[in-house]
Structure formats: C-alpha cells, structure tokens
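Across the two complexes that follow, chain A remains constant while its partner is chain B and subsequently chain C.
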Partner chain A sequence: MIAARLWRAAWPPIVVVLGALLFWELAVWFFAVPEYLLPSPRRIGRAMIDDRDRLLAASGRTALATGLGFVGSAAIGIVAGSVLSLVPLARRGVYPLALLLQMVPLVAIAPMLVIWFGYGLPSVAASACIVSLFPVVAGTLDGLQSVDPGLQEIFRIHGAGRVRAWWSLGLPWSLPSVFTGLRIAAGLAVIGAIVGEFTGGFGGDAAPLGGVITSALKQNRTPTVFAAITLAAGLGFVLFGIVNGIGWALLRRWHASAR
Partner chain B sequence: MSNSVILARLHALILLVGAVAVSAVPVACGPAGDAAPASGPRPLRVQLNWFPEPEFGGLYAAALDGGFERRGLDVTLLPGGADVPGPQLLAAGKVDAAIVAGSQLVTLRASGGRIVAVHASFQKAPRAIVVRRESPFSTLEELWASEGAFMVGDGLPYLKWLDRRFGPSPLVRVPYTGSLAPFLADEVVAMQAFATAEPVQLEADGVATRMFLVADTGFDPYDVVLAVREEMLQKEPEVVAKLVEAVSEGWDAYLANPGPVNDRIAELNPDFTPRTLELAVAALPAFVRSETTDEHRIGWMTADRWNTFVDQLIELGEIDASARGRIEGLFVNPVVGSR
Partner chain C sequence: MSGPVAEVRDLRRTFRGERGEVEAVGGVDLQLSPGTITVLIGPTGCGKSTVLRIIGGLDAPTSGEVVRDPTVPIGFCFQEPRLLPWRSVRRNVALPLELAGRSRTEALAAADARLAMVGLSDAADRLPAQLSGGMRMRAAVARALVSNPRLLLLDEPFGALDEVTRFRLDEELAAIVRGTGITVLLVTHSISEAVFLGDEVVVMSPRPARIIERFQIPFPTRDAALRGDPEFAVMQTRVLDVLRQGLEATP
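Then we have the complex of A and B:
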C-alpha cells in the first residue's frame, strides 16, 4: 500500500527530472557547448564519481554546519516567535527589527562572522542560522496570532495562565504554520552554509562544498563545481524531507494539511 | 516562427544558462559581440580580476591619456573581485579581453577554451605570502612547516608547488575575500598577497609585514596576463595589436608620471589613500620592467618562460601531458602593422 502511494507521488517528478536531464544532455551535445561553460549531466556524474572521496567529505562538513544552523534557527525562532506573541510590547518593538534580519545582505556580514565566531564550523553554522531564522519566527508568530479567539476564551474561563494556554493551545494550533516556516528555513540554511563557507570555511583537504566550489571555479573545473552544487541542493532536499516527515508525524492525526 | 529563429533562440538560451551558472558577478550589458560597428571607435570590454589598483595602472593610464581613443578603441575597464571568473567570461564572449592569471589561461586552454595571452604586465610574478613583521618566521619554508590559519584563495597551483617544494603544509587554508580584517585581528598567521597591494596597504595602515615572494622559490609564471579570444586575434589582429600597444604605452606613462592615474584609482577604489598609491607605484618597476621589456616593450613575453611554466603545471598534475597540443599557441606578442 505504502509503496504504491509513494510511487504515485514520486513518478511525476522523476519523469520531469529525467526529461530535463535528457534535454540538457542532448542540448549540450547538439550545440557543442564547451565543458567549462556548461558541462553535460553525464560529465557532472563522472566528476562526482572521480572526486567522490573529496565530495563526500565536503558534503559531510556542509551537512553538519547546515544541520547545526537549522536546529539553532528552529529553536531560537520558535522561542522568539512565542515570546513576541506573549508580550505585545516586544512584538511591536522587536518584530520590525527581526524583519531587518531578513534584509541584511548575508554576503556582506559573512566576513564579520569570521571575526566574531572564528573560522570553520562556528561561523558557517552561524551564517546558516541567521538566514534561516526569520521564516521560523514569522511562521510561529503568525500561527500564535491566529489562534481561535473562542478557544482562547475557554482557556481563560477555566483559569489557564498565558504560558499554559501557549503550551496547550497556541503551540499545537500553530504547528502547521511553524512547519511552513521550517520548510522554507531548510532550503535557506543550505544557502546560508554555502555562503558562510565562501568566506569562513576551511580550504585544502578540509574544504566543505562551498570551498570545493570556489577552488574548482578557479581551476576551470566546471563539472566539479556543478557536482558540488548538485550535492548542496541534495542536502537541502534531505533536510526538507526530514522536516516534512516530522511535520507529517506530528500533524497527521488531526490536521487537514497532513492527510 | 521559422526553425532557424527557434534554433538561434535556443542557442542563446543555453549560452545564457551557462554564463549565469559560471559567473558569480552580474555582467551589466548584453554580450559584447566581435562585430565592429560600421563606423566610430571599436568598443572593447576588458574584465579586470581585482578591484581598481595600481597593478592595472597601465590600463587606466591608457584610458585616461586617450591612448585607447587615439587608436580608435572605446575601452571599458570592468573592475573585478575575489571570485570573478574572468577566463570563463572571456571564453564565453561576455567580454572582449580579460586580465587572468597565467595558470588560469593554461588550464582553460587545456580544457578546450580558445583564449590567448597577448600582454603580461608583470615580468616577475608578484604573488606573495605575508606575515606580521614580528612573527617568528623568517623564511617561507619555516612558515610552511608551521601551524595556524593561512588566508588564501584556494585552488591555485602555486600552493601545490609550495607543498611539493617544502613538503605538505600543516597550515589550515581559509578563504581570502579581499578583506584584511582577519589578518589585522590576528585570526590568521599568514595571508596571500599581491606584492604591490596588500603589503603596501598594511604598511600605510601602520602594520609592518614581512613578505615572501613565491617567484623566489622557482615558480615564476606570467601572473597578470591580458588575454583575448583566439577568434578575435584571427579576425581582428589590428584591434588586438592596438590594444596591446596602448596598454604598453600606458604602462610607460604610468611609471613615468603616476599622479593623474593614481587620482583616478583613488576615485574608483576609495580604500586607497594617496600614500598607499605612492608606496605601491614605488614597488612596481621591479616587477614590471626587465631586460626583456627594455629590449622590446612592457608586457613582452618569451616562449621560454611560458614553456617552463607549462612543464611545471604538468609536473604538478594541474594539467595532463596529453593537453600539450591544445595549449600550443597560448601566447603572441602582437605588433601593429604585421599580420
């Protein structure tokens, strides 16, 4: 049953992806596009196999930084969203500042992150955390702000405090919108990590995907650049899938979005 | 819509996707075609590989003194940065000429890119590594054997060369984005440098440094190379020769009288103060002039130097020996009036 359902969900994207790869391969061949401009999918696949040890180790490093940054932004984001919802004054005062976080050009502050947090994992994870924070805050706050007033009234009548109401009513009610925020954050965390690696990641044998991209670009190894980009996108997919899975497990009993 | 139109559009689309994918920088206008307009000056877009600096003094001098204009060239100098893929932009036809590192030119040719070196403003490679003056390292070899963070653009062959020369280094490589802050904050023990740029900038800021030139270890390629597409060299040899002549003349003018050009550079790159520029220009002649340039002109290249470099790259495994054929013909010294 489950296999059949999975297949039904999976075949359209699989067909689209295979079709796109085929078109890409043929187009590169037909127009004789040089490899250093746009390598064919087969050439990228070969780069992945030839460079597998380095790319695998690099993916592991990027995955760790992305994961840490994402967990950080999820934790900080849900707490911050909740505090903003519970304290109206903070909401009016701080929320516009949280918006600023979204506007800050990460590329510009990434070099500063290095000076604040040091090279390697700390600054890369911080970079991933900063870019992925806002959607979680916004999702949490939106969810908590839209709790059914009738239900809030019931909690109030029965003498529940604000924290109790937040825990038993607000949080469950806002889970769908929290998870919408987390899904957006998952993709952003990967981008944040790669950008952080451009300025703060290690190089040489200790290079993460961002380091592999910059160094391969300098050497005109475009297939390796694309292989690393593909793996980075894959990381985003995996993280998105994990978030989706957790969301589904938490929501499937009662929420329409998970049925 | 006819088939040929569809094909042309498809082709354009693919080139566009490729160019977007390889470039970290937006290119302001559309592709710079090779076709000259019926009349008026020939427009040329030249991509630099760093921010406006005295290392491009000859080019800015030619632009400022009218050296390009007098030869019927309308040259636009496009400043670069740490990750501008100049060689790819050039090969893709997004610019007409680009300043590239010698190694980039060779590796791109090895993978089939048809670009050619026509001028090398630095006769001695200015690639250097700097440490603080008070650091315990008095030679590059000592530094190479030490631990700590080394701020450097990873992936360039001279790092492999130094590993081979002095043994694999325990230094941890961290990215160099053009900001000196991590060096000033002592987050790193050493940083890559361009002999006439960072050390001078640091000195002007009151930070005394010690500089090790990579060229002194036996790895001395043409590192600041003006390159064009092979196609343009064949179709418009006169345009290329005029461009090169103007740049060489610009260098002579710049070294003789750097004032006006320095003012222009300071305008374009406010990180430079008059004092920094003065120090930089004082350091230039040792790199830009040589016996070869005295005999010919600034920017002149010899086959010996290029051959040695290609051999070194093959030895380091940067390129395959089988690529020699494709690399052949990687440079010319264009002369106006000779086809």
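Then we have the complex of A and C:
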C-alpha cells in the first residue's frame, strides 16, 4: 500500500530526471563540450565511483552539520514562533527584525561565523541553522495566528491558560504550516552548510562536500565538483523526505494536506 | 422553590464598528428558573446569541445586569461542533475535564458515560472528520454535558442540520435534559424546535433584540408523538404570528 503510493508519487520525477540526464549526455557528446566546462553525467558517475571513499566521508561530515543546523533551526524556530505568538509586543517588535535573517547575505557573514565559532562543524552547523531558521519561525507563527477562534473560545470557556492552550490547541493546529516551514528549511539547511563549508570547513582529508568542491575547482576537476554537488542535492532530498515522512505520519489522519 | 439560576435585568449591548454604533440588544429582562428550558427565538441576526453569550460570560453588556452564581458550572454548545480535528471523539468529549486538571482516566470514563448517553459509544475512537454532521453535534452535546453543568447554553446547536436529523436530535436532547434538573437556555430560529423543547418560549424582535412576547408551553411530555398533537401546531402558529408582527413592525 505505502510502496504503491510511493511509486505513484516517484515515477513522474524519475522519468523527468532520466530524460534530462539522457538529453545532457547527448548534448555534451553532440556539441563536444570540454569536460572542464560541463562533464557528462557518465563522467560525473565515474568520478563518484573513483573518488567514493573521499566523497562518502565528505557527505557524512556535511550531513552531520546539515542535520545539527536543521535540528537547531527547527527547535529555535518553533520556540521563537511560539513566543512571538504568545507575546504580542515581542511580535510587533521582533518579527520585522527577524526578516533580517532573510536579507543578510550568508556569504557575507560566513567568515564572521568562523571567528565566532571556530573552523569546522560548529561554524558550518551555525551557518545551516541561520539560513534555515526563518521559514520555521514564519510557519510556526502563521499557524499559531490562524487558530480557529471558535476552538480558542472552547479553551477559554474551560479555563485553559495560554500555555495549556498553546500546547493542546495552538501547536497541533499549527503543525501543517510548521511542516511547510520545515520542508523549506530542509533544502536551505544544505545550502547553508555548503556555503559555511566554503569558508569554515576543513580542507584535505577532513574536507566536507563544500571543501571538496573548492579544492576540486582549484584543480580543474569539474566532474568531482559536479559529483559533490549531486551528493549535496541528494542530502537535501533525503532530509526533505525525512521531514515529509514525519509530517505525513503526524497529519495523515486528520489534515487534508497529508492525505 | 429556589431562585433563578441566572437572571438578566435591562440588558443592553452596543457594538462599535467602522460604520458607527450598532445596538444589538435593547433592554432584555430574563429569568432562568432551575430545571427549565427557556428558548430565545427571533429572526437571524437579531441579537439573541449576544444575550446567550453575555449570560455565559463570553461577552460583557454595555449596561444592565447579569446575576449568576459564578461557581455554577456551565456547558456550552454552539452552532458549529467545534471539535479538535486531531482528537478522537472520546478525547474531544473528555477535553473540559482534562483542562480542569482531572486525570485522563477519570476524564475518559466520564466521556464514555456521556457518549453512551448521546448514542455515540460505537464512534468513540473515530475522528470528527469520520462522523456525519449529526454525530458531530451529538459529540458536542456530550462535551457540553461532561462537566455535569447546572446551566446549559445552546446557541442554535442543530441549526446547520437537515430537518429529520434535527427533529431526532431535539427528541434526544429533550430526553437527556428533562429529568436531570439542568437549566437550559436555547437560542434558535426554528419555531418547531422552540415549541418542542421549551418550557418558556421568548420571542425577540429584530435588532436591537427586545422581548415582544413570552409563551409558557404546557406540554408535559416531549417525544416524537408531540409533533402530531394539534395543540403543538396551534402553539407554533401563535409563535409564528408574533414573530411576523415583530418583523412587520420593523421599518
């Protein structure tokens, strides 16, 4: 049943991806595009296999930083969104400033993260967290602000305090929009981690995917660059899938978005 | 004979909106005697729900007085069932007790008893979305009764249901409430519902709500057979006539 549903959802994008890869392969062959400009998918696949140990280890490091950053942004985002919802003054004062998280270019502050948190995992995870935070805050706040007034009245009638109403009504009601924010945050967390790795990741054997990309670029190993990019995209896809699966499990019984 | 469970004196309520002030309730006096069902009937939007909400403490009057023992437990039921979509019917009904700090076991046991009362035991584990409109309203009534209220405030609870379901739920409500000693205030715009359920039917004018007539309803029993009683039809006609006069008198 679940396998059938998954297959029904998966086959159209699989067909599109396979078609695009075929087109790419043929175009590179037909126009004789040099490898340093655009390697063919087959060449990228070979680079993945040849460099698998290094790429796998790099993927693990990036996955760890992405995961930590994402969990951090999920926790901070849900708490911050809830506080902003519960305290109107904080909402009016702080929420417009939270937009700064969206406006400030990460590339500009990434070097500062290295100064604040040091090289390696801490600054990379912080980068992933900062980039993916705003959608979670916005999703949580939007959900909490749109709770059905009739249901709020039921809680008021029965003497529920604000924290109890938040826990038993606001939070479950907000779950669909919280998960919308988390799904967006999943992709952004990978981007944040890679950008963080450009400036704050270790190089050499301890390099994460961002480090592999920068060193391969310097050495003109474009197939390796594309292999690392493919793996980074794969990480984002896996994280998105995990978030989607958790959301589906929590919402499928009662919310139309998960049916 | 003890005093009224709730009493309102010269109740007035004015709302201030973008287009100036709107007088919703224009001086209402009402007494809810213990164990009786009082029905407020009037045209849609006349302000009768505002009276109910003020009595229940969900709104404040602009002037006038509401006399009610604040410790008297109140049950509410609205036109929409207002059930939490992620909770089973049983846990929805148990909600007021959980919010009052009772243990979950105790709350669920009380919920089961109320669900049996409204004939929903078989649907206890279902989610609201899996119920019909009538079943959802039954669950809302069970939730309103779960705290053993002495005053039950019903704001057009069956207004969105089809006629046949509504008749059946009126009969079930009469069977549940009568004999339990609960005092009920029901707001409706259905004449047959008002006459079927009420001990007293209070007819309200179009906005601002004022009482234009009170009818004491004499029927000793309220079951399906009452609907075929010629006196029932006569009483409905009398209420209808007063409602019409109220509408015609409005400019």
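We take it that the second predicted complex is superposed on the first by the 259 of 259 C-alpha atoms of A that agree within 3 Å, B and C clash if a C-alpha of one lies under 4 Å from a C-alpha of the other, contacts with A are read in each partner's own complex, and residues count from 1 in each chain.
In this text, a residue touches a chain if its C-beta (ideal position, glycine included) is under 8 Å from a C-beta of that chain, and two chains touch if they have at least 3 such contacts.
Since the structure is predicted, the reported quantities are computational estimates derived from the model, not experimental observations.
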Superposition on chain A - do chain B and chain C clash or fit: fit
Touched partner set for A:255, first chain B, second chain C, both or neither: second
Partner chain in contact with A:58 - chain B first, chain C second, else both or neither: neither
Touching partner for A:37 - first (chain B), second (chain C), both, neither: first
Touching partner for A:150 - first (chain B), second (chain C), both, neither: second
Touching partner for A:206 - first (chain B), second (chain C), both, neither: first
Chain B versus chain C as contact partner of A:231, first or second or both or neither: neither
Greater residue coverage of chain A in the superposed arrangement, chain B or chain C: B
Touched partner set for A:159, first chain B, second chain C, both or neither: second
Shortest span in Å between Cα atoms of chain B and of chain C, once chain A is used as the common reference: 46
Common interface positions of chain A, toward chain B and toward chain C: none
Complex contacts: residues of chain A adjacent to chain C: 148, 150-151, 153-160, 164, 168-169, 172, 253-255
Residues of chain A touching chain B in the complex: 27-28, 31, 33-38, 111-112, 114-115, 118-120, 197-204, 206-207, 211, 214-220, 222, 225-226
List of chain C residues in touch with chain A within their complex: 56, 58, 74, 76, 78, 80, 82, 84-86, 95-96, 98-100, 127, 129, 147
Residue numbers on chain B that touch chain A, as the complex places them: 10-11, 14-15, 17-19, 21-22, 24, 83, 85, 87-88, 91-92, 104, 107-108, 111-113, 149, 152-156, 159, 172-175, 177, 179, 181-182, 185, 187, 318
